[in-house]
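Note that the chains take the letters A, B, C, D, E and F in the order they are written out, and that residue 1 is the start of every chain.
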């Protein structure tokens, strides 16, 4: 993976980065997608079937294709974030960052002191980056991307505070959960007007804070629209969805 | 998976069956594809990265979607064919059946005596079919599909002989290897005129013998054409190809 | 797995359900036991050797046999509960729910808003149930079974409060830990008089609250007794214990 | 595992050894059964779902319980026999040894020159036995048990010849396949009169040759009978069967 | 593994114990190192690539070599500590114990009531130790080693308090993180004067408290020095470092 | 991995290449060793515990370090050789090539027609090399290294014939088996005078044939000597041996 410029800097400078999104447990899938024209590959440990062992095997395969590996951790499993960075992940997305305390705990595991409390031991990262320990220690906080998910009403209300937490590089918006939260559990509609408004607001606040705004898109079309709107990181669908759409397209042609 | 009518009978009666083709080692992929509108799912142990353990885990996931699981074994690994049937595979494709002896050895591991020499022990198959041992023993030879790959000049020359081997339910044509063989190693062109002619010939001989003709298609469009031509089983592309085409389509939309 | 009626409703309506209890890491074991006459299969991630990857592989094998998969999570690992539901588990048992706060945190990860805070992404569950996203979102809170383990003196004292937490469908009693707790660490005796009394009390309180009472039984005989007493869900022994008793019975016959 | 006396010598001297029979892919199952009162544990790679990786993980767990690990290889996969010995297996059962050539090929992979052609590299075996390379090289042929399966009419007719092959330590009879073979495919009945007669004959010939006779028993009761009849090694049922019988017994008690 | 005397007692009585340190995910590596002249083997789940499934497979291989298996858990994942003891680990090292509350939570999961809150279910431990449930319940708190890592300025300041927590058997010092903490994030230098002074202080306080002091050493030479200084448990380098040093030594000889 | 010049050409042109030798099943080990100063990494599927799934996972990790991955297959498992090339292996070592027929069968699976009979489907190789199908088809026979092991008296006698087989790129000598063979099973002494003489002879014959001579060395010192003698490929010890020597060196320093 390229370290120049570091992933957080690259996302800030744009153009919008498009990321594959992987929830199947087989490391060869992120390996395949990393060789397509994505700018990054996200491994989903929250809603995907990927566990730590699978993530650790996927990271070098993504890196071998020259792409940054980003992982989404399960809700509140912050220790896993450090372990993923140790294994060579370029970034971590933490779901359900709903309080400033959540954001501070997440930042703490993502950054070395004095900024945070990340513990030393980046064995895989040293091997993948080729950096010496001292180099990595000095550069590490700038290399690792910490994205806090904004996906509840509570989070949205304190988005400025979250963006202000030192060590948080940006936010990542989950439209489905946000639609549930904004409707107080009445509907699941990631394209609702309330969500659209929230997306604009969160994006504007991130830009105002000089930080990164990322978002999940269920399709390429939606990704196009969100990237054009200004999101610096847009993930697209999921590996299962891509596989299924590839299959459906082929079957349609085959059935005539 | 449905046992009524058995897979060989179903393929003979038509309409053409379309099969997914899986070479990635993760059982969840055939599981996903089995829930799409394919009629069967092929697990490729010859050129794919699938080993026996992965195949054994994929078979019940395919069966749970009500689809027959078919496996392609590595060249000459006939003992694996029996083991796959034991695990519940509905059929086996054997590559590089180039002599009558190859065909006989393949038939032997696919069918119980007196037709063949398959050894008793279908633990997974009993569990997936719900049949009692005695029932399975009596029905087994009719349930299991044995397809011999025709993919060299030598094989093509004796295709009638191969089709005549008791226990061989049909043939499956590999156009890439056939193009290499027919050109004596001069070219890799699965759509060459020589291959086209060979496809017609082999299909006609299978039909004349009252047996099944299957073929590999690299795309849905090609599958449509081959199914219309009369092949009873047409596999489409590969899981990796479907995943990549899904990704490329999404990226194209996302890049605008 | 049957969704009609949902598992919580089925348990409330009775008759008592008997569950297998699996602690070995191989998914084929719950797969085998799901095809026996158990009403459900529990995968034990607390004291068993089962990790998330193994649980995710076991769930579709249990579902393929038409049975609900229930998982016990490690103490306090609530994020895992959501991930198991995402993968298609029909219920989760949470050990050591010793405070109302524990119960509320557990309920939160088990139920979508407004009842709880479960995050959206039930990929495996959609595939196993065949429901559409909107259907699953509306039905999900009624489908997923949340059982809080009562296994300390502290828990027993607030059992009414725990049963009163919205989103908690019932309790599940662990007699071994309860015997340790009730004796203040003096003895391990899951059949002590103090435990017996506690079982009756907890069962009565659950019934009074109109919620489910489950319990672990080390043997079929004990399960019979506990089911007759009124527990709606009784797990039996463990996979290792069943395997060992099968082996000992066979060896006894073989030694003559 | 005890090396004194070596397993072949121990079986010859008697009393009859009872073996567990494992076909599930999880190494913890042979590990559990090795701690029960079995004299050996067989891992079934022919009809079981066990592949080489699983077998290699099971062997040290069986050895840690002080028991010899024996593996049944798939039909004709003789190279695997050597690899299992390298990994520390105490013996190998080869199915479908139907010709003298089969027997010679099997013996060749089981014994070092000049007796056979086994290649040097017993890494796991050195570690598990604690022997030095020179010691193991000199002792190896006496330590490793080579059992040829007699399970067809053809094999039965040349049983004396098979027993006479240098390096073959004995035979192991498969009653199910034998019943199919003796009835020329008309029936599956491992308890038929023809099988009974064949068992007596094969046992007598093995004893006359001063070699070992082993046999598969589907139950403890049958094992008792076969051991009393004089078989020196009797395997009992399978891990799945033991698990199911343990479950059925518990469920019967629980249903009352 | 030897239980006489229990590991905590053995470490207190000395001589210094030297431990291998494993971060690669393959259980065969701790298995290999356990047969070398180490006194214990540590499996690193914090900075290593080892997950729970891998740890559970490593523990019996270490035990089979007669050595105690010790695991380091990820930061704050205390439930995993109990699960590792259940699987047969002889001890657990918990990183980043920075408050008395951290220490108490760690002790709670390591010890049964009334000392702690460890839940009953030591399936692997019963099998590996051969103890009966009642025996293990009574002996367990004395058998399991709980080491709290001291690796921040905050921890160092309250080291007496941590050592005073009932159920904490001793401390384990992480010099790299300590160097970062003591320099307030200015340097990574595990051999700094500040670290040296802290090592002496922490060692003295552990000795004064009659508890165990352990420490990580990056090399054999450093381990020698730290053991001579009085640390009762000194881990050496890591599996990767040992493999690399073995490789470099061999390559140096080979390059001439 | 570098394709320019292809591995066979590079070995012919010299200087001698030194290879790591891996028998442990974890792909991260060849990954670690590939980043040391070895020129290639051999994965041993004959005497090592590496199966196909593990090899397929190791190959991209070795390639990511820019080194060629070479695999040794089990005796006679020629279909596996093709599958390893498909997965991206740069070469295959086939043990026990004792007849011209063995050599021809090995060459056949290693080379496309008209030279051999390798079947088309190099999915992993295309991905790792970045070549297009047509490019790979034309270049493939020159890229893949086929080394026949000479390790018996019979093989030594026909070494010229083996070297003369089209598609065989060279030989690889196994001194341990050769010592057994040359002494007719009387001794295991890879450094015997008879072996030394055989090494010189085989090396001379390979050079005379313009083909590659490789050899296994148990230590760096021996590798130095054999490389100086003229062998173009010398493997060193094994991963286990390197790990153990690293451990022993560290322990020696630590014990003082």
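We adopt the following convention: contacts are C-beta pairs under 8 Å (C-beta built on N, C-alpha and C of every residue); 3 or more make two chains touch, one makes a residue touch a chain.
Heads up on the chains, UniProt names are A, B, C, D, E, F = Hydroxyacid aldolase.
Just so we're clear, the structure is a prediction, and the values are computed from it rather than from any experiment.
Looking at which positions face the partner, subunit A (Hydroxyacid aldolase) and subunit E (Hydroxyacid aldolase) present mostly different ones, since fewer than half of the interface numbers are shared. Of the two chain pairs examined here, A-F and A-C, the one linked by more C-beta pairs in contact is A-C.
Between subunit C (Hydroxyacid aldolase) and subunit E (Hydroxyacid aldolase), the centres computed from C-alpha atoms are 33 Å apart. With each centre defined as the average position of its C-alpha atoms, the distance from subunit C (Hydroxyacid aldolase) to subunit D (Hydroxyacid aldolase) rounds to 40 Å.
In subunit F (Hydroxyacid aldolase), the positions touching at least two other chains are 25, 32, 49, 51, 53, 240.
Arrangement of the chains shown, judged by which pairs touch: an irregular graph that fits none of the line, ring, star or complete shapes. Across the whole structure, chains are in contact as follows: A-B, A-C, A-E, A-F, B-C, B-D, B-F, C-D, C-E, D-E, D-F, E-F. The residues of subunit C (Hydroxyacid aldolase) lying in touch with subunit B (Hydroxyacid aldolase) in their complex are 27, 31-32, 35, 57, 60-61, 63-64, 127.
Residue ranges of subunit A (Hydroxyacid aldolase) in contact with subunit B (Hydroxyacid aldolase), taken from their complex: 18, 20, 24-26, 28-29, 32-33, 36-38, 49, 217, 219-221, 223-224, 227-228, 234, 236-237, 239-256. Considering their complex, residues 51-53, 56, 78-80, 82-83, 86-87, 109, 112-115, 117, 119-124, 133-134, 137 of subunit E (Hydroxyacid aldolase) touch subunit C (Hydroxyacid aldolase). Subunit F (Hydroxyacid aldolase) makes touch with subunit D (Hydroxyacid aldolase) in their complex at residues 23, 25, 46-49, 51, 53-54, 74-77, 95-96, 151-152, 174, 176-177, 180-181, 184-185, 188, 238, 240.
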